[in-house]
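What follows is a pair of complexes built around subunit A, which joins subunit B in one and subunit C in the other.
Coming up: the complex of A and B.
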């Protein structure tokens, strides 16, 4: 018997797992074989992901309960919640939490505002639209480290940078942009990078809008602004939420830009741009404090999972809507 | 007479709309130019001599030269070789891509065309793994890599990057598989096609553009990754690690830095331009088209 003979015909997708047929088959040995043959193509990917994601996180939890500093001999032993209390009472960690929230929120919100405006602008038909679109997505494609270097030299650079040249018109000479405005400098880079991401997601929303609803509004005499507020915006809401949530999940992990531009420095405590990622890096790389790095990691995971839960719910809604349409 | 008024009114309205249209088009072009400018300036500076990169005000009046490119490629610069990291990046990206597609395509198939039981739970497990902050697990990853002898080894990065990209690939390929009309698959089955024939003769040819788009998205994320490449490699660094070496010489070697950055970014920028129609599908894990 060839493999193909054992397989039932293609089933209707949404009904697949609760159809009476598949349940009845589950009790027969050949049907069980069929179920395993079905599962077979899935297994490599599933097992791989379980190993790659769950093992490191379990080990992270393990180390977070130990007092391991690789520079202190004999420190690798069980200490309970000591690393957690050390992390939570570390003013640098609390500062990192605040910085992460400030950096992520301002970058996500500003790039969403800019991205939405650009999406509305390029949703029109005009000459060269393809070129404009291509130009606009490019910032997202540049290697983040290169972006950091590019801004450091070309934009923020002393004497020869573009910003110094521009403020020079107003009689202001040489500002040390990165050290004076550490956090805004990093946020500006992030906004530049993530605006294309937001633009593309909002554009997908604009293009999926029903033309009938827009036409009906126009016939009813609504002007462009009224149409936008009462029809386009409610429709776009889900897309904007998706962009904000996905953007947050990615931007929380920002590292390369900070590594290049500020090394976490700035502000009165000298850590105005040290976010979670950079804090963990400093704990491990400079302080050799593996356990505090791990404890910080566990806290970051818990915080991210809260945002992720909202994202999953939203995606699952979009996903079911798309399925019921097809 | 009334008709004439109507026409004149319409003409006036048309002119206003025409002017407004041009206003918005110009505004769009200006915005696009401003956002594109840093990349453009990087490419322009790459063609300058080191001396003409430092001018106040910044200038476009220079003799274009390829000397910085050749110094980057011939590794005569202070940062060491460009060729080695580029090769490492090519290897890491290619190996990741092969693993991701080899596991991702069958998995996507098992979650759409012939779905396993509880396929929805499996899909959302994949999605949830994409949202983990990997940065948080650097300690165990570093220690595990040390124990396995994978430190400073490209394979450590391949294993990790495959994990980062696999969920994305499963979701994206699945969304392409769902677009294949069911009638087509049923027709093939009535003609007596087995699973293998169905896969190679019916599904793969239709799926190829989708696989290409998925591959390009994975290339972007793999090529640009910096955090783990920095931690897990010393001499076998990928392109972002190589570029970060320029940071040590703050504000120097602009032209050479620009030439190096241009060369390093080129593959991904091209990949992104080619895949731009599918970019949003990749970024939203197949939820948006």
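Coming up: the complex of A and C.
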């Protein structure tokens, strides 16, 4: 490992100032030992991380180079990049890429807009604020599959759904929401789930705002809108960026809501809600093509790493800019 | 899940193998420690935050409470997990000669019935306990297929259908049940309905036993048709059905209820029977996809138009249970679906049941007027034993009991004759009690099953290379079928046209047979 390569020069440094005897027999442990004492408590966590994340990933990579379809006996043998080319030439995979971007971006942006508005509201004092806040947080605590079921039966449901009842007032009869508006239906559920998350992050930002600065703005005669645009929003920017980043990381992986609501169907190609996660599920549990599922998984991991690296660099740059400004 | 856990716990308690409650106490201790840790952590957070402003300290205390709540939830989940693991470990342990067999079953009314009647089995075989893993159709399929194809062998027996049985038997994944069943004369293997038995047979061996069997038929409300001055023939054509639907359709009562939701066993099962009788097929004898052929296109257009004009308003999200409810509650005047619904309507909705007429699956090409083949499907949920699993003798005892005459007789005393598992045995249909209780529909059901043609479902003049009425009996079909069923749902919902849906389905089908190496 690279850590141990770097160790010897560090170890030699104190040797120049202390006698060899005091280094070995003194009350202070050796540098090597200190280093290990520091690392030791981290080791179990590191080993655990490697076992539960890296080993499965390597196994996935291994399977992606084999042609294993469990329904075809004897197919579990090395086929090189065949699974990769099959995945990349699959129009459904390309459609899944577009769906993933659309679904993630719209859910993250909408929940951030709603979350910010609610955070500003909740930041004010009013009667029953505690109850309202608890109620607003609740959607985030519900399991995705339960949320999916809740929406499927009570909101979008055929014949008995609340949405049908509401549009009924305007003389519109029976819309099959999940089939007709497949992607918006899933995004609406995601927004319902993730708005509280965004709200909490932005609320944390609002509450760390300097009261002196707000006071000064008021003394200088700024109105509420000017204060928000010139003081509050620049302050919130970091928090919003963090919310967007974390939200994207989680929402990219959406599966439960799709599984319950649409099974990947909808739209003009019958796959308007098949995102990467659902595509991989289909490869494994519908086609039983473990290798193609693995290859798709590997491609998605690589693509996500690239996007995440860029995003993080962008964000950390902005963090530094914000710090140097203040 | 919860139910099966509980049962496992009871089983192990009664077997007396694990009287020691200590593992639970340990897990509780873990919980408390974890809870304290959380509390400390959140207190730390709170005091840290309180340096800033009074307001934010109040917030962080509240936030701390939230964290604490989260910790409690996590702790409870932890206990559940530990307990589940513990119960799991117990169930697989054999003691005092009690063997627990684990069976994956699909959740519908008939399966839930046998779960409730299992005590009768325990009376007959005190040394065997059955642990049901009940899942919905698609999940059960995915789980069982993964389990059996990777030889994980978590289940002693699995519930599959006439789609999987021949494919899996060919792959050598299932135990041939013929020798054991023929040796046991009380089982009377020749009493099983021949078409159903044939559908579960591969190379002369029976690889799974039918739990219930079905074809498809048309249900209609006699009073509504009479009021409209129309009569339904016993063997209707689709053209007649569409004309009747148009005549009786009202805003509050749909002319006909049909499946629209995606899934190869959902909307596509119904669609395929119509394609067959229209003279269409999935593939020609060279495995070239036929989804854009004239008869296929006529069938799809007919189905989508019928639903849009006179079907139920939410069709694109409807399946068997939704149609059962709509028809049973008088919101639909006709319903084309599985024959197994006859018993359910009679029992669950007696008023509508008494007013229900039963007709054979409609036939004919409604566009050209050509008479078509008999179009009822053939389906059975059956039980099989994966090769290499343990306790096969005990498992076989359960399989025999669950599909025996004795079980049907017992079931009749609990549920009434009309509601027993239909479509498996000749003796059911010759039983005067059943004939009386199911007088209105038993003949249509039996004849539909007997005349189903799974070996060549479409027009005899159209050469096809595959078996199956409402599916193509090939391993790659699940994926293709699901993709095509998505297109059908979109066409019914109106988010794409029928020709777009069929063009995309044709491309999917081509990709499927090409990668399977069938189409050069």
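Annotations
Keep this in mind: the second predicted complex is superposed on the first by the 275 of 326 C-alpha atoms of A that agree within 3 Å, B and C clash if a C-alpha of one lies under 4 Å from a C-alpha of the other, contacts with A are read in each partner's own complex, and residues count from 1 in each chain.
We take it that a contact is a pair of C-beta atoms (placed from the backbone, for glycine too) under 8 Å apart; a residue touches a chain by one contact, two chains touch by 3 or more.
Bear in mind the structure is a predicted one, so any value in this text is a computation, not a measurement.
In the overlay built on the shared chain, the residue A:282 is in contact with subunit C alone; subunit B does not reach it. Measured by the number of subunit A residues touched, the leading partner among subunit B and subunit C is B. In the superposed model, A:219 makes contact with neither subunit B nor subunit C.
After overlaying the two complexes on the shared chain, residue contacts for A:306 are found with neither subunit B nor subunit C.
Of the two partner chains placed by superposition, only subunit B is touched by A:239; subunit C is not.
Of the two partner chains placed by the overlay, only subunit B lies in contact with A:201; subunit C stays clear of it.
By the touch criterion stated above, A:137 is placed in contact with subunit B and with subunit C alike.
In the superposition on chain A, contact of A:73 is made with subunit C only, not with subunit B. After overlaying the two complexes on the shared chain, residue contacts for A:173 are found with subunit C alone; subunit B is out of touch.
Touch criterion met: A:44 reaches subunit B, while subunit C stays clear of it. Applying the stated touch rule to the two superposed structures, the overlap between the subunit B and subunit C interfaces on subunit A comprises residues 133, 137, 141, 158-159, 203, 208, 285.
The touching residues of subunit A, counted against subunit C in their complex, run 70-73, 86, 90-92, 130, 133, 137, 141, 158-159, 173-174, 176, 178-180, 182, 203, 207-208, 211, 263-272, 282, 285-288.
Per the touch definition, subunit B reaches subunit A in the complex via residues 21, 24-25, 27-29, 31-33, 35-36, 38-39, 41-42, 45, 53-58, 102-104, 106-107, 109-120, 122, 124-129, 131-144, 159-160, 162-163, 166-167, 170, 178, 182, 185-186, 189, 193-198, 220, 223-224, 226-227, 230-231, 239-240, 243-244, 246-247, 250-251, 254, 257-258, 261, 264-265, 268-269, 271-273, 276, 279-280, 283-285, 287-289.
Within the complex formed with subunit B, the subunit A residues making contact are 2-5, 7, 9-11, 13, 16-17, 22, 35, 38-42, 44-46, 48-49, 52-53, 55-57, 59-60, 62-63, 117-118, 121-122, 124, 126-128, 132-155, 157-160, 162, 164-165, 168, 192, 195, 197, 200-201, 203-205, 208, 239, 242, 246, 249, 252-253, 255-256, 259-260, 276-277, 280-281, 284-285, 290, 293-294, 296-298, 300-301, 304-305, 307-308, 311-312, 315-316, 318-319, 322, 326. Contact residues on subunit C toward subunit A in their complex (touch as defined above): 52-53, 55-56, 59, 62, 66, 73, 138, 142, 145-146, 149-150, 167, 171-172, 251, 260-263, 313-318, 322, 326, 331, 475-476, 478-479, 482-483, 485-487, 489-490, 492-496, 500-501, 504, 507, 511, 515.
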